[in-house]
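Can you read through this structure? Questions will come right after.
Chain nomenclature is as follows: A, B and C, assigned in order of appearance, with residue numbering initiated at 1 for each chain independently.
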Amino acid sequence: MSTFSSYRSFPDATTSALAVVLVALPFVLPSVTLASELVVFAIGALSCTFLLGLVGLLSFGQGLFFGVGAYGAALILIHTSAGSLVTILAAAAMAAAAAAIVGFLSVRRRGIYFVMLTLAFAQMGYFAMLAMKDITGGENGLTGLPRPPVFAGLGALTHSHSVYAFLAAICFLAFVLTHRIATSPFGSVLRAIRENEVRADALGYDVRWFKIMALAFGGFLAGLAGAMHTIFLGLAPPNTIEPEMSERLVIMAIIGGTGSPIGALIGAGFYVLLADFLSSLWPRWLMIIAFLMIAIVLFLPNGLWGSVELLIARWRSGRVRIAPPGAVDG
Amino acid sequence: MQGQVVLFQILNGVGIGMIYFLLSVGLTMIFGLMRFVNFAHGTLYLVGAYTAFSVSLLTGSMWWALAFGPLAAAGVALISERLILRHTYDMPHEAQILVTFALALIFQESIVLIFDPLAKNVPVPSLLSGIVFIGPFVYPAYRLAVVCAAAVIAVLLWFVLERTRFGAALRAGSESTEMVSLLGINVQQVFMVAFLVGGALAGFAGTLSAPLRGVEPFMGSEALGVAFVVVVVGGIGSYTGALLGGLLIGIVQSVASSLWPEGARLMIYGAMALVLLVRPAGLMGRS
Amino acid sequence: MDKASITAEKIGVRFGGFRALDLVDLEIVAGSLHSIIGPNGAGKTTLFNVLTGRLLPSEGSVRLGTRDITRMAAHGRVHLGIARSFQVTNIFQNLTVAENVRLAVQAVRRGEPWTFWRGISPDRNVEEILAATGLQARAMDRAGTLSHGAQRALEIGMALGSDPRYVFLDEPLAGVSIDDIHRIKTLIRGLTPRRTVVLIEHNMRVVLDISDRITVLAQGEVIAEGAPADIRANPTVRAAYLGASI
C-alpha cells in the first residue's frame, strides 16, 4: 500500500492545485449537485486515506462515523436552530468521540484482527440505528430536514451553487488540516508507528494512545462528511450508516491511492462520476469497480493518483535534482 | 411461565448458535493457521444459501440442496484460491484483505445478476415442517434437525482434530507454522484442505439457515460480521472457541430478541465489545 | 534519581514449560558500565526485555532506585531515563537517518509528540548524535540503504536520542567491521560515568577492556559476577564457554 511520504513543506503546490480544482469543479462537471456529492465523499474517502496512508490502519468502519455525523447533524437540525456550520462541526465532534471509543476497544488488537474489528463495529452501527428507530427513523431515516444558513442569519444556502461553495470551502479546510497534521510532529509519530510499531514503542511513544487519537481524527473526517451529506441532501437515509458505506469509502481511498490526500479526491471523483455515468446503463456497475480494485491492489498499488505522482517523479528525475535541505521525510 | 420462555429462547439460541459455529469454525482455524483472513468468507455462506434456494426451486427437494450447498461453496473457495488468492500470499495483509473483499463484492453482484436483489423464501423440507414436543415445549422440527445435523458435524470435526494426523497438524500449525513445516508437514496442503472444508462448512451453514431466514444478496456481508464476532468472542484458532463463541452469541441473540426485538442483532456486537474489554484474547484464546 | 541503581530481584521468566530465566538477581550501579555475557540461549536478551519493559517476568521484580517498575511498559520507562538498542537491527528502514534519530529525540520532548498544529522544529541534539555516531554524511539517506555497520551505529544513536541515564545496548558490535569497532567501543566507554551502560556483547576483548562489572548468564541463571579480572580467571565461566578463548 502506498503511504504518505511525499510531504515537504506546508502549504505546498498541491494545496493551491486543490483550491483551483475545487473552484473549477462545478463548471467542469455536468451539474453542481454532482460536484457537491464529490466533495462530500472526498472527505469521507480522506478519512480512510489518512488512516491507511499515514498510520497504516485499514478501517472498514469509517461508514459508522459517517453515519454518526449524518444522523447527528439531522438531529441537531431537527431539535435546534443552529446554523449549518455549527451543525456540521458539532456532528463531526460526535463522530470523533464515537471513533475514540471504538478505537479504544479496537487497538487492543493489531493487524488483521484490528481490521476485522472495524468491520464488526460497522455492522454494529447499522443495527444500533435500527434498534433506536424512534430516534433514527429506522428504515426510513430522517427526512424533511431544514437547511439553515451558514451562521445564524448569515450566508443563506438556498441556491445549489451556494451549497457547493459552502461544502467546497469545508472540504478545502479539511484537506489543509489533514495536510497540516501529516507534516506535524504528531504526524511524524503516526508515520513512525506505521513504519515500525515496536521501535516507536521502544523510543517512548505510547503507541495505543496515538492510534486512538488518529482514529478519532479519522472519525472526525468521516463524521464531517456525513454531516455535509445531510446538509446537502436535506435528509439522513439509512444507507449513510450501512456497512456498504464503509466499503464504499475504502474503495474510493484505494482506487485513488493512499500515498497522498489528493488520492481521496481522485478516488471519490472516480467513484461518484462512474456511478453517475454507469448506473443508468448497467445497475451492476459495482462489479466493474470491484474488478478495478483487484487490478489496482495487484498491479497499481499506489492507486490512480499515486501512479501519476510516480510518473511525474520519474519525469523529473530525468533532470538533475537535489533534495532541498530540511526535507525530512523520504 | 417466565422461566419456560427463557429456557425456550435458550434452546432457540442453541439452534442459531450451532449455525454460527459452522459458519465460523473454518474462518478461525484458517486465521490461526495462516494468519490469512478471507473477507469473502461470508460469500461462501451466501453461495450455500442460494444453492439451497435454486436446488429446492428446481427439484422441489431440500435434501439435494444439503448436499450441493457445501459442495458449491467449496467449489467457489477452490476457484477463488486457484485464480486469485494464491497471488496474494506474499503481499501485505491489507492487500489480501482488499482483494478478498473485492471478490466478495463481485460474487454479491453476480448473485444479484443471476437472481434479483429481492429477498426470497426457501421452503422447509416437508418431512421436517412439523413440530416436535420436547417435554413441555413445542419446538419446530426443522430447527431441531438443524441442531442435530450441526451437532453431528461438530463431533466429526472434533474427532478429526483430536484423533487424526491431519487434525494434529492443523492444531499444531495454528500455534506455529514454522514448527510444523520443520517437522516435514506440508503446510500448504493442510491449509488447502482446511480452507476448502472451512468453506464447505460455511456453505452448509448457509444452506441450513436458508429455510429459517430466507435468502437475500446482502446476507453474505452480515454473515461475515457475525463470523468475526464469533472469532473475537471465542478466540482465534480454537475449535472450542468457535463452538462456545457461536453458542454464546446465538443464545444472546435469541434471549435479546424476546426482550428487545429490534436490539437483538445489536446485542451480539455488544457482547463482542464486552469480551474485547474484559478478555481481549477471547474465551479460549491465548494472548 | 541520577544516582539510583537498577535492581532486578529473583527474576523468573517462563515460556510455557521452558524456563528462560531462573532466580536472576542483578544490580546495576549508577554511572558504571555493566556487561552481561554468556553463551547463546543463556537468556541475555530476555533479561534485557524484562529490564526495559518489553517482557513481563513470571516472577521477581525490577526496581529503579526504590521505585518498582516491574509492570511498567517500555514506552513509560523511556521517560524514566531507560533506553535500549536492539540485537537485530530495528530501525525505521524507509525513513531517513536524520528522521530516525529525530524521532528518538522528539519522544522525550515535553508535549512535542502531540503537537499537530505546526511543522517539525529542528533539534540540535540530532546533529550532535549524528556527529557522535559518524552518520552526518548519510543523514538524508534512507536508513535501509546504510551498510550493516552504519545501521548498528544508528541503533546506538537512536538509543541515545532520549538522552537516557541508563542505556541498554544489545550486541552493538555484532557484524561491525574492524575499523568501526574501536570507534564504537570508545563511544560506548565515553557514555559513562555521566550515564549508566548495560551491555550485552560477545566480543570478549571489548567486554574485558571497558566493563566495570560483568555478570555471566548460562541457561537462564547467573553463574558468575565480578570485575573483569575475576571473570577472566573464573573456571566456571571458562567451562560455560567450552574453551572459547577469553
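Going forward, a contact is a pair of C-beta atoms (placed from the backbone, for glycine too) under 8 Å apart; a residue touches a chain by one contact, two chains touch by 3 or more.
Just so we're clear, the structure is a prediction, and the values are computed from it rather than from any experiment.
Nearest to the common centre of all protein CA atoms is the CA centroid of chain A. Ranking every chain by how far its Cα centroid lies from the centroid of chain A, the top place goes to C.
A straight line joining the Cα centres of chain A and chain B is 32 Å long. For the pair chain B and chain C, the distance between mean C-alpha positions equals 48 Å. Averaged C-alpha coordinates give centres for chain A and chain C that are 42 Å from one another. For chain C, the set of residues that touch two or more other chains is empty. Chain contacts: chain A has no residue touching two or more partner chains. Across the interface of their complex, chain A is touched by residues 31, 35, 37, 39, 84, 87-88, 91-95, 97-99, 101-103, 105-106, 109-110, 112-113, 218, 221-222, 224-225, 228-229, 231-232, 236, 260, 262-263, 265-266, 269-270, 272-273, 276-277, 280 of chain B. The residues of chain C lying in touch with chain A in their complex are 52, 54, 73-76, 78-79, 83-84, 86, 90-96, 98-99, 102-104, 106-108, 112-122, 140, 142, 158, 161-162.
By the touch criterion stated above, chain A contacts chain B in their complex at residues 1, 52, 58, 60, 105-106, 108-109, 111-113, 115-117, 119-124, 127-128, 130-133, 243-244, 247, 250, 254, 284, 286-287, 289-291, 293-294, 297-298, 301. Those residues of chain A that touch chain C in the complex are listed here as 3, 5, 9-10, 180-181, 183-189, 191-192, 195-196, 198-207, 210, 213, 323, 326-330.
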